[in-house]
Amino acid sequence: MVSAADSPGNDIKLFSGRANPELAEEIGGILGIPMGKIHISTFDDSEIHIQIEESIRGQDVFIVQSTCQPANENLMELLIMIDTARRASARQITAIIPYYGYGRQDHKHTGREPISAKLVADLITTAGADRVVSVDLHATQIQGFFNIPMDHLTAVPILAGYFQENRVPDAVIVAPDAGRVKVAEKYRDILDLPMALMNKRRSGIGGREVELLDIMGDVTGKIPILIDDVVASGTPIRQAEELINAGAKGVYLAITHPVLVGPAVELLKSPNIIELVVTNTVPVPEEKRLGGKVKVLSIAPLLAKVIWRIHHNQSVSHVFEEENIMFPV
Amino acid sequence: MVSAADSPGNDIKLFSGRANPELAEEIGGILGIPMGKIHISTFDDSEIHIQIEESIRGQDVFIVQSTCQPANENLMELLIMIDTARRASARQITAIIPYYGYGRQDHKHTGREPISAKLVADLITTAGADRVVSVDLHATQIQGFFNIPMDHLTAVPILAGYFQENRVPDAVIVAPDAGRVKVAEKYRDILDLPMALMNKRRSGIGGREVELLDIMGDVTGKIPILIDDVVASGTPIRQAEELINAGAKGVYLAITHPVLVGPAVELLKSPNIIELVVTNTVPVPEEKRLGGKVKVLSIAPLLAKVIWRIHHNQSVSHVFEEENIMFPV
Amino acid sequence: MVSAADSPGNDIKLFSGRANPELAEEIGGILGIPMGKIHISTFDDSEIHIQIEESIRGQDVFIVQSTCQPANENLMELLIMIDTARRASARQITAIIPYYGYGRQDHKHTGREPISAKLVADLITTAGADRVVSVDLHATQIQGFFNIPMDHLTAVPILAGYFQENRVPDAVIVAPDAGRVKVAEKYRDILDLPMALMNKRRSGIGGREVELLDIMGDVTGKIPILIDDVVASGTPIRQAEELINAGAKGVYLAITHPVLVGPAVELLKSPNIIELVVTNTVPVPEEKRLGGKVKVLSIAPLLAKVIWRIHHNQSVSHVFEEENIMFPV
Amino acid sequence: MVSAADSPGNDIKLFSGRANPELAEEIGGILGIPMGKIHISTFDDSEIHIQIEESIRGQDVFIVQSTCQPANENLMELLIMIDTARRASARQITAIIPYYGYGRQDHKHTGREPISAKLVADLITTAGADRVVSVDLHATQIQGFFNIPMDHLTAVPILAGYFQENRVPDAVIVAPDAGRVKVAEKYRDILDLPMALMNKRRSGIGGREVELLDIMGDVTGKIPILIDDVVASGTPIRQAEELINAGAKGVYLAITHPVLVGPAVELLKSPNIIELVVTNTVPVPEEKRLGGKVKVLSIAPLLAKVIWRIHHNQSVSHVFEEENIMFPV
Amino acid sequence: MVSAADSPGNDIKLFSGRANPELAEEIGGILGIPMGKIHISTFDDSEIHIQIEESIRGQDVFIVQSTCQPANENLMELLIMIDTARRASARQITAIIPYYGYGRQDHKHTGREPISAKLVADLITTAGADRVVSVDLHATQIQGFFNIPMDHLTAVPILAGYFQENRVPDAVIVAPDAGRVKVAEKYRDILDLPMALMNKRRSGIGGREVELLDIMGDVTGKIPILIDDVVASGTPIRQAEELINAGAKGVYLAITHPVLVGPAVELLKSPNIIELVVTNTVPVPEEKRLGGKVKVLSIAPLLAKVIWRIHHNQSVSHVFEEENIMFPV
Amino acid sequence: MVSAADSPGNDIKLFSGRANPELAEEIGGILGIPMGKIHISTFDDSEIHIQIEESIRGQDVFIVQSTCQPANENLMELLIMIDTARRASARQITAIIPYYGYGRQDHKHTGREPISAKLVADLITTAGADRVVSVDLHATQIQGFFNIPMDHLTAVPILAGYFQENRVPDAVIVAPDAGRVKVAEKYRDILDLPMALMNKRRSGIGGREVELLDIMGDVTGKIPILIDDVVASGTPIRQAEELINAGAKGVYLAITHPVLVGPAVELLKSPNIIELVVTNTVPVPEEKRLGGKVKVLSIAPLLAKVIWRIHHNQSVSHVFEEENIMFPV
C-alpha cells in the first residue's frame, strides 16, 4: 500500500485574518495561489471562533495579519489562527505581520511598566509560530525579542521610489527625531537630497506626548519630505506644521504604517500638508484617503516575493540588497 | 548597613483590571486592604498601556480580571498586567479570573479548530502568572490545562443559598443538559428538591447552536430552577421557555456567570422568567438588571477568603468542604 | 562525493511495544510494511531495556502502544521507546496509543489530587513525541492536554457497523450516564434507534464507585445496546443488570476499550448479557472471550489509514467525515 | 482582616510512597514529625490513584520513594505524588530517592539505545520536583542529568563503619571493577586495609552479562570485603565465588543497594559468603535476610540529617566532610 | 528535633568574578558584609574552574562580574559561577553586570548576523540567574531581551554630579550621535547647559567604522562635554578631535564604561582632551589613567544601594526617581 | 508564479570556526564541497563578530569547531555561529565538536562545584543546535547531557590502525587508570596484545593533580603503548616515565586529543618517549611536533563520513560497527 506517487506535502497555504484581507488577496494574486479557506467569526460574547476549512497537514502555512487597531482583537485572532494551524499539523507556520502593534512599547520608560513588544513576541512564539515576517519595526531590536527566525523588511525603497517618479522641487528629507536619522539617510541616498532633523522629546504616559525642541538643518523656503515609521494620532502631521512655522512652503509625509486614528485624519486636511504617502500594511478606508491626498502604495509585491523565497529556501537578504530593498540598519 | 528590622516583603497587593473593578474593590474592602495603585489606559490606536504606581518588589500580587466581554481586550489587559508585575519583581503573581473567557472552546468540535481555552492557559503562563483562581469553569478539565497551581472554586453554594432563604413552592431543579447533571445534583442535595434534565444538542460553528431534544423528569405544574454556568446570548432563557411549553408555571434561573449579550436581556423580559439569579463574576450594569429581576449575588466574600488563605498558606479545599463550598466534580 | 541519488529518508517505520503486538502487526500487514526490528526485555530487577535494531535516522517513526494494564509498565515502555527513537535521530515520532490509560484521571474530584491524564501527556511530550494518535478518549478535553498535534479518532462507526450488519430486534441505545449522551446519539443516528439514559453517580476514591440513580427513557421489553468507552472492572455489566431489573429482555454492550479486569469476566457470564462487542485497542486473550460472547472488532484498518494519511500529509478529518468515521464531539 | 499572627507556611511535610514506608517512618521518627497523610491505591485496572489528605499549601514537602523493583510502578507512583503536591501548592518539593532505578542505563552501550537514567531525570523534573536527593548513584555524572539541585550522598561511611566495629582478620578491600576503584579507596582509607581489583567485562543486552578477566592484587588466604553499589541478580555474589576460586577463605560483601532479585538470594546461601552488609535504601523482607546473614544498616539517620539541613538552609556538604560522610568522587 | 530557632536562610552573599574584584569589595565594604569565599582558577588548558567555599544554601546570592574584555573569558566565568550557585541551592541568584559586553550587537546590521546581545541574555538565563542588574546598556531594549526581572540603572547622575562640583566655563553638552540625544538631555537638564549633536554614520563590519557627517549646534570657542556610553577603541576621542577642528577650545569626555582598548589610551594623550571622566564598571589600571587625566568615579554606592533594596524588597525605581538617579528613557 | 523547478533547499553547508580550520577544509575536500563563506573577527574590545556571507536558508548546516584552548573563546565563537545560523533560517544545525572542552568537569568532585560539561551542553542547545557530533568524550555519560541527538564517535580504530601498520615489538597496551580500561580493551582486541593498568588517584582543585599508586600487569622489558583520551599539561607523559621506572624500555603514547599545554611539549622531549600518536581534533602546530615525534593522524575521513551519513539519513552506528569504528562502551 506504500507508494511514492503521493503529494509532497509542501504547498504554500496562504490565510488571512480580518485585519487586512485585501492585502492578503493581493499577495495571493501575485503568487497565483487562491486564498486558504478559513471561517472566522466573532460570537455575541465577543470571543473569536476559527475553523480552517481545508487540509493543511504537512503544508507551508503563511498567515497574514497586521496587529493594527483594534490591536487586541487582531492579535488574539492571529494567536488563535496559529494555534489552529499547529493543531491541524501544518509543517511550518509563518506569521506575516505587516504592522507589528505594541511595537512602540519596546522598553520601560520608567519603573513598573511592561515591555509589551516582548510580551507579544513571546505570545506569538507560545501559540506555535515557526517564523515571523514584519516591516519597518519601531525599533530594530524587536527582531531580537524573537528566537524563532524573523525577517525584518523595509518599505523605504517603495516610498522613496514614489518620490523618484514624482520629483518634488526644493525638497529636503526631514527626520522627525534622532531615532529615525538612519532611515532618513536611506531616503537621502536614494533621492540625492539634503537632510534636516527635528529634535523632539517624548513624555507623558508611555512616552506618547511629544514636544518639539528645535530643527537642525535648513527648511526655509523648502518643501520637506518628513519621514517616519508610524502615523497614529497625528504626531508627524503636527511636526509638519512646525516645519511650516519654521519657513517650509508645504510638506510631504512619507510613512510606512498609516494607523491614522484619533484626530489624525482631521489634522491631515490642513492645506500645509501636500500629500501623505503610505503603504497598505494597515488598511486605509476610502473615507480616510481625503480624495487622494493620502496616497497608498502596495507592500504586496514585497511580501509576495518574501513568501516565495521563504518557501523555496532562497536568500531574502541577498536579493533585497541587489534591489536596494535593504533591511533597516 | 545590613539589619534585620526590615519589611518582610510579603504583603498582599491587590490590583484590578478594568473588567470588574467593583468586585475587586469589594474584595479589598473585606480584606481591609486598599486597592493597589495602577494606571491603565487605552491609546487612540487601541493599544493598552499599564503602569503600576507603587512598589510591589517581593510582594504577593493578586490581579482580579474576568476575561468577559470584550474578551480579547480584557485578556490582553490581564496578560500585560502580569508582565508588568513580573518585570516589577513581584514575589508571586496570582491571576484571579472570576469568569474564564474562551472556556467553552475547550475541545475540537471538528477538524482544524483551535483549543482556545488551552491557548489562553498557555498565554497566561507565558506572561508570568504563578497561580490561577477561577470559578465554575465550563469544563473542569480546564484545570488540567495549567501546570501552575489552579484553584477551581464554585459559586453553587452561594446561588443555592439564595433559594434556601427564598424557598420556591413546587420547585424542581433542572439541569440544562447532560454535562451539568453533576452540578444540578449539588443544588438538589443542598435544597432537597426533585430534579429533571433537558436533553439539548449542540451544532453549528463552535457548537453554539442548540436544539432541545426532550425533557427527562416531570416539570408540569412545577416551578423549575434551571441551573447553568453561563448565560451569554440567551440559551438558558430559551430553554426556560421550553419548560413553560412543557407545562411549567414559571422559571427561576440560577447561573454563575451573567455574560448577557445579544438578545439575552430582551428575552429576559418574558413574564415566564420569574428571576435570574447570578453572581458578579461578570459585571451587570443597572440597565440590564430589569428593575431587580436580575438578582446579583456577590462572589467577593468567597474570593477574599481564597486570597487570604493563599497568602497565608492555608488549605483552600479543606475549609470549603466544611462550609459545603465544595469544588465541582 | 555529494550526489542526489540517495534515499530521501522518509519511510514509514512501524514499531510495537509489548502491550498489543498483534494489533501492530495487523496494521503493518494492511500497510504492507514489515514491523520495525526492536528488542524489548525486562531485567530481573524489573527495569525495561530497549534497543532498536535497524537504522531509523531521518525516518517517520510510528510506535504502537496502548497504556492498558499493566499501565505503568506499558507507559514507561512507551516513554523509553520514544527516547530511544529520538536519540536515534528519527525525523518524526508519532505515538499511536489506541487506549490512553489514566484517561479517567482527567480532573480533580476533590482537593489535593493529581491530574494524571495531564501528567501522562506531559511525560509523553518530554520523552520526545512529535505527535499522538488515540481513540475514544475518556474526555475529549484530553486532546487539549497536548500542545503537539493530536489526532483523536473514534471507533463508534466500527462498533455501530457491527449492529448494522447484525440487527437486534426491539433494540434501544442506552447511554450509561450523562457524559456519554453525545456518543450515544452517534449510535442512534447511525442505527436509527430510540435512546435512553442511565443516570449514575460517581463517588469514592477517584470517583470509581458508581451508584445508579434512575433510567430516563423506556427499556421495558426492549433489548438495550448499552454503550460506553471503557469496561474495566465491570461497571457497564452491572449497569446492564440494572437494565434487566428495569424490564429489559437482555443486553448488548458496545464498548471501545475492553480493559476487562477484576470481576469483569466473571460478571460477563451472566445470561442477561447477550454479547459484549469491543475493539482490540486492548488485547483480549482467548480465555476472556468466553467462547465468542466477547466479540472483538479490529481497529487496525482505521489506524493503518491514519498512519498512511499522516505520513503522506493528507487530511485526517476530511476523509473520516466522508466515511462517517467522525471525531467525537 | 490582614494580620501577621499566621502560620509561616514553612513546615516539613514528609510523605512516603509504597516502595519503602518503613524507611520513611524511621526518618520521621528521628525528625520527630508524623508521616504526612496520604492515600495511595492501585485500581483493578492497574492505575495508581493518590490523594494527599492534609493541607500542604506553602509547605516544604519531602517525598521518600526508591525506584527499586517494581521499578516502573514505583517511578510512576513517585511522579504522580509529585504532580499531586505541585497542584496542591507545595512551596518546595524534594524527591528523596534512596535508590535511583534505571541508574545503570546512564549511557548508550551501542547505537539506538535510550539513556533511561536521563529520561527518568527529565520525567522527575517535568512532574514538578524542585530538588532531588539520592544515594550512591551508579555513575556520578547522573547528578549532571538534573538542572534542579541534586544532593548526591554516600553510604560508604555507614558500611565501612560496620567493619570498623566488627574487624575482619586478614581482610582485603576488593573493587569489583575499574569503575569502583575510587569507592574502594574510600573503604581502604577508612579501614586501613590493602586493596585488590577485579577486572570484569560487561557484554550482552544493556551490558548486563559479566565476565571475569583477572584479579589484580593478592587475595590468597585472605578474607575479601568485596564492595559494590548494587547487588541485583547476583553478579557480586558470583564474583565472590571467583575470589574463593582464587584462594580467598571466605568473602564479605559491602553493598549499598540490596535489590536482590532473580537467583541472588539462592546464590547467597553459599557457605563461601560470610555476610552481605547492605543498607535499607531498598527494603529487604525477612525471608531474604537468611537468618541474619544479610545485615541491613539504616540509611535513615543520614537522610533525616539531610532533610533537616535542606529545610533549614544549612550546608549539606560541609557537615558531611567533617563527619567523613563525603560525597563520592 | 524540629525547632523554630534556626537561621532564616536569607543572608546577602556577595561573590566577585575576576573582572572587577575591587568594585565588588568596595560594594561589600559599603554593605558591611565580607566577600563570599570562592576559588576561581584557570587551568593550563584555559578552562576555568570554580568552587564556592562556603555554604550558600537558601541564601540570597549576588554575583558581581562585568563582561568587559576579555569578554568571552568573563562571560563564561559568570555563567559557570551562576551554575555553581544554582547547584549549591542558592535561594535567588542576581547577576550584577556593571558593563554588559556584546551590548552593541543588539540587532542585525545586515542579513545573516547574530544578535549576540540576545544570545548572551539567553545564556545567562539558561545558566540559572533569577535576576540581572546592569548599568547604561547600549540600547534600552536589551532589558526586554530578558524575561527574568532586570534592573537597568544609569550612571548619568554620578558623572553629571562631577561636573556640578567642577564647573567648566563655556561648557556645552555634546551628544555623539542621534541615539544618545536623550541621555545628553539628562546632562543638559542637570547641568543647565546648551547642547549640540554630532551626526555620525556607522559602517563596516558590525558597524564599528564611524564617519562624521556634521555637527548640529554651536561649539566654536566652547569647551564641549562630549558624552557617551562606552569608550572602547577610541571613537569618542576621535570625535573630540573633530570638535576641536570645528572650533572647540578643548574637550571633556563623560562616559560610563571605560573599555579603553586598542589605540584609545594613546589617543587620549592628545592635549585637546582635557579630562576623561568615567566610572569603574570596567576597571582602569593605573597605567591607563595617564596621571589623573582619566578620572574614575565609583559606581559602588549605587550598586550597594540596589543590592540592599533588592534583598529587602524595596522599590528600586522609587528612590532613584527621588534622587534623580532615574532610569534612562 | 509557483513552480516546482526550484532548489530543494537541502544542501550541505560546511562552516568552520577558527579553532581548527585545516581540519574543516580537509573534511570539505573529502566531501567535495567548498567551505561556507563566513567572516569571523575579534574586535579590539575582545568581542567576536560573525557574518555568514552566503544564503543558508533551508540548508543543512554543519559547523566544525573544537572547544580546545582558548576554550572560552572557541566556545563563545561556536555559540555565536549557531545563533547566526538559526537566525539565518538554516533547516538543521549540526555542531561538529571534535574535542569537547570542559568535558572533564562532568561531575562534582566536592560540594559547591559546577558541572561545567552539562552547562556547556545546555548553552549549545540554547544557542539553537539541532544535533551534536563529538569524538572520544571524557565520560560517555556526557552524551546524556544532551536531549538533542548526539553522535559519539571514537578515534580508537584510527589510532590502533597506525600500530597495525607500524608493529611495535614487545608491545603492551597500558590503560592509564581504571576509567580507561574499556578503551584499552579495544586496542588490545584490535592489536592482539597483552594489557596492563596504571592505578592513579586524582586530587587537588578539579581533580587535576594525579598520583601514581601502582601498576597492575607486567611492563618490565616491554614497550608500552600508553593510551588515553587527552594529553593536556602532560599527565600521560609523566605516567610514561613511571612506566620506564617500572622497567619499560620506551613508551609510545596513543591519545585522541593533543591539547598539549603547559610543560607538555617540554616533557615530550624525553628520550623515553618514542612517539606520541594523536589525531587532529585539536590542531598541533609544527613547532609542537618535535620534528615528527608527534605523529598526527587525521580524523577528517571519519567526520566526513558522519556528515555524509547524517545528511543522507543513513545509519551512523551500523557502518561503524561493520568497519570496527564502534562507539566507545
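So that you can tell them apart, the chains are marked A, B, C, D, E and F in the order they are listed, and the count of residues begins at 1 in each.
In the analysis below, contacts are C-beta pairs under 8 Å (C-beta built on N, C-alpha and C of every residue); 3 or more make two chains touch, one makes a residue touch a chain.
The structure displayed is predicted, hence computed values, not measured ones.
Visitor: Tell me which chains count as touching both chain B and chain D.
Guide: C, E
Visitor: Averaging each chain's C-alpha atoms to get its centre, pick out the one most distant from chain C.
Guide: E
Visitor: Pick from A-F, E-F or B-C: which pair repeats the contacts of B-D, with over half of them the same residue pairs?
Guide: A-F
Visitor: What whole-number Å value describes the gap between the mean CA coordinates of chain C and chain E?
Guide: Between these chains, centre-to-centre, one finds 61 Å.
Visitor: Find the geometric centre of each of chain D and chain E from their Cα atoms only, then give the gap between the two centres in Å, rounded to an integer.
Guide: About 49 Å, centre to centre.
Visitor: Find the geometric centre of each of chain D and chain F from their Cα atoms only, then give the gap between the two centres in Å, rounded to an integer.
Guide: Those two chain centres are 34 Å apart.
Visitor: Which chain F residues sit where two or more other chains touch them?
Guide: Within chain F, the residues that touch at least two other chains are 55, 87-88, 108, 110-112, 115, 118, 122, 147, 315-318.
Visitor: Considering every pair of chains, which are in touch?
Guide: After working through each pair, the chains in contact turn out to be A-B, A-C, A-E, A-F, B-C, B-D, B-E, C-D, C-F, D-E, D-F, E-F.
Visitor: Considering only the defined contacts, which chain E positions touch chain D in the complex?
Guide: Chain E reaches chain D through residues 1-2, 6-9, 54-55, 57-59, 86-89, 91, 128.
Visitor: Touching residues of chain F toward chain E in the complex: what are they?
Guide: My answer: residues 39, 41, 43-53, 55-56, 68-73, 75-77, 79-81, 83-84, 87-88, 101-102, 104-105, 108, 110-116, 118-119, 122-123, 126-127, 205-206, 208, 232-233, 259, 261-262.
Visitor: Hey, which residues of chain C end up touching chain B in the complex?
Guide: Residues 106-112, 115, 117-118, 122, 139-145, 147, 152, 175, 177-179, 181-182, 185, 197, 199, 201-202, 207, 216-217, 315-318, 321, 326-327, 329.
Visitor: Name, in rising order, each residue of chain A that touches chain F in their complex.
Guide: Those in contact with chain F are residues 12, 30-33, 131, 147, 149-150, 304, 308-310, 312-318.
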